[in-house]
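Order of writing sets the labels: A, B, C, D, E and F. Residues in every chain begin at 1.
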Amino acid sequence: MSDERYNKGLKILNAIDPQAISRVEELLKDICPDMTRLIVEFPYGDVYSREALDLKKRELITIASLVTLGNAEPQLKVHIQNALNVGCSKEEIIETIMQMSVYAGFPAALNGLLAAKAVLTDSNRSS
Amino acid sequence: MSDERYNKGLKILNAIDPQAISRVEELLKDICPDMTRLIVEFPYGDVYSREALDLKKRELITIASLVTLGNAEPQLKVHIQNALNVGCSKEEIIETIMQMSVYAGFPAALNGLLAAKAVLTDSNRSS
Amino acid sequence: MSDERYNKGLKILNAIDPQAISRVEELLKDICPDMTRLIVEFPYGDVYSREALDLKKRELITIASLVTLGNAEPQLKVHIQNALNVGCSKEEIIETIMQMSVYAGFPAALNGLLAAKAVLTDSNRSS
Amino acid sequence: MSDERYNKGLKILNAIDPQAISRVEELLKDICPDMTRLIVEFPYGDVYSREALDLKKRELITIASLVTLGNAEPQLKVHIQNALNVGCSKEEIIETIMQMSVYAGFPAALNGLLAAKAVLTDSNRSS
Amino acid sequence: MSDERYNKGLKILNAIDPQAISRVEELLKDICPDMTRLIVEFPYGDVYSREALDLKKRELITIASLVTLGNAEPQLKVHIQNALNVGCSKEEIIETIMQMSVYAGFPAALNGLLAAKAVLTDSNRSS
Amino acid sequence: MSDERYNKGLKILNAIDPQAISRVEELLKDICPDMTRLIVEFPYGDVYSREALDLKKRELITIASLVTLGNAEPQLKVHIQNALNVGCSKEEIIETIMQMSVYAGFPAALNGLLAAKAVLTDSNRSS
């Protein structure tokens, strides 16, 4: 199979977080290494690479979706960090999560804020 | 009770869609008129009125959340129209819904696109 | 198989709504008649027949659950009627649905209120 | 902004659990202190303070909703304790969770019972 | 971009239902024609084309997932028909939906059975 | 009450995992021992004992449902082990979880694969 999509996805993923690919490979290598390829190719190669939305808006709507799902804490933390990486401010990220109290309810918003606290106060400290 | 929050919320809601308030009042007057006040005061008065996000980003993350929920078609259609009203482009709206295929699955994204089709092709016609 | 549970469930179901059993049988007879037996035996025979909660509280917590699910409108309408049948007031039913705005979000609560409107204003008219 | 709603909400919240407010403030102070105000004002000031349902019924329907959501364990534990505080019996709480097996499925009910076990056997010990 | 994945996906999709592609193209052409390509390439080209599961098992687990989601009736009906097309029996399809009462609750299972009734009694008639 | 259904359910449950019953009894004895009986009787006695699907297919569709729910990790791990016990291959289990990326989204599939990794690499080691 052609590596065109994989390379396109990897380029976007590396622009967001250069260490993501090795983390995902490590996580999946013993259970389902093919999933790594799917993750690079579909979300990043097919979707995030499109031009109609910039990466800042893409990360905010992803955060909105993950807070709404309410059961994807590891992915939510990754995307909160990614949102910072692509230039979203802490205020925008926190505000996005707060707004989810209206649509997904207070428990989802509150648990989202606690995930944000773990990422954002940690990234405070290291800076 | 003070009308401060109600008035603040109504001002935002009217800026997004001047006919929304009478539609909501009509819908709820026979079952739960107090809910109209809650809708104006909490989502609009308390949340949308905050400054950390502009209304365009607020409408896109709301669309992301509603597509992810997957069971809120009437509200999704309202917010697709609201997103247009506050200046989001059709391309941004459609792209936001497409991206949800990654996080909420293809059925949620597909049903979201069909809701968008109903709103966007209708608003095409009338313009 | 013994009919003990079926009879126990049917007795409760008939106390809530004497026409329910024939409606369910009619609905399922062409696709899965065995499901009718499961519905009578497990929810009604095994669960609703227990004494730790009266039927009024059982119907209110069921309404809370169905509004939270957000994708079970036909069942929600049935249980709103059932709640009336076992003696809950309209105010309690509406208030239960409104409270769900806190936990399940405004769209779920709003769609729940519209389901209640269809049932409660219809039952108004006929009384 | 007027403190009327905040004070009304705080009065209800203190009646349910006098230590709740300082716990919530502590949890949110480094990430989103404004959320504390929203939690006091909307759920407690606007909703729980209404008269159509007593606090015992309010806590049971909240438990039903949180078990149905299935992804709000910290909030579920808080409300199981709150239900005890306002006078619900252990049997009513457990029965409410069991009934959710019918509407939200066995995994949701089972995980809800394990959350209840952590709270209820712990509060046994301390009494 | 290479058409390799698209062609691989289309081959599988055509084997399941030769009219699917034109139906999807028609549905999406006015709102988001690019989504058609994503649907062919990712679910069918990347996933269903893999050898570890036959198409009969793939359609049954898809039905299980769609019944569990509870908000994807159009897609559920499509996959009930697809399951028949690839050789699943009616009994297997109905049984799969019934079993979801355990994990996703009775309303999800019941609404799934009514979707199955619409497809299966309709396909009865035409055969 | 007759023990017929309990015995029928226990026979199936023991065939899947002979230690399950004592684990469930231990887990629930201090909070809700009656739930143990419901679990044996309804899912196993009423549903899994039916002939229209073999246990291998039943475990795969259960895994599909639990991955889709996304908030039932303990139950997902149990059923991944159960699927192995009744003769599903590791490849079928992993493939079932991967396919859920299409319907329930990538976070649900990814978290499902990590649950599978915990079970399957652990059962590797001990064999």
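Convention: contacts are C-beta pairs under 8 Å (C-beta built on N, C-alpha and C of every residue); 3 or more make two chains touch, one makes a residue touch a chain.
All values reported here derive from a predicted model rather than from experimental measurement.
Following the contact convention of this document, C, D, E, F is the list of chains adjacent to both chain A and chain B. Relative to chain E, the chain whose mean Cα position lies farthest away is D. The chain pair B-D and the chain pair C-D differ in C-beta contact count, and the higher one is C-D.
Superposing the C-alpha atoms of chain A onto those of chain C requires a rotation of 180 degrees, given to the nearest 5.
Per-chain Cα centroids separate chain D from chain E by 40 Å.
Separating the CA-averaged centres of chain E and chain F is a span of 24 Å. Distance between chain centres (mean CA atoms), chain D to chain F: 30 Å.
Residue positions of chain F touching 2 or more other chains, listed in rising order: 34, 38, 42-43, 47, 50, 66, 69-72, 75, 94, 98, 101-108.
Viewed as a network of touching protein chains, the structure reduces to a complete graph with every chain in contact with every other. The touching residues of chain D, when paired with chain C in their complex, are 42-43, 47-48, 50, 52-53, 57-58, 60-69, 72, 75, 91-92, 94-96, 98-104. Across the complex, chain A is touched by residues 1-2, 4-5, 34, 38, 41-42, 46-47, 50 of chain E. On chain A, the positions that touch chain C within their shared complex are 101-108. Within the complex formed with chain A, the residues of chain D that make contact are 27-28, 30-32, 34-35, 38-39, 42-43, 66, 69-72, 74-75. Note for the complex: chain B touches chain E at residues 69-71, 94, 97-98, 101, 105-111, 113-114, 116-117, 120-121.
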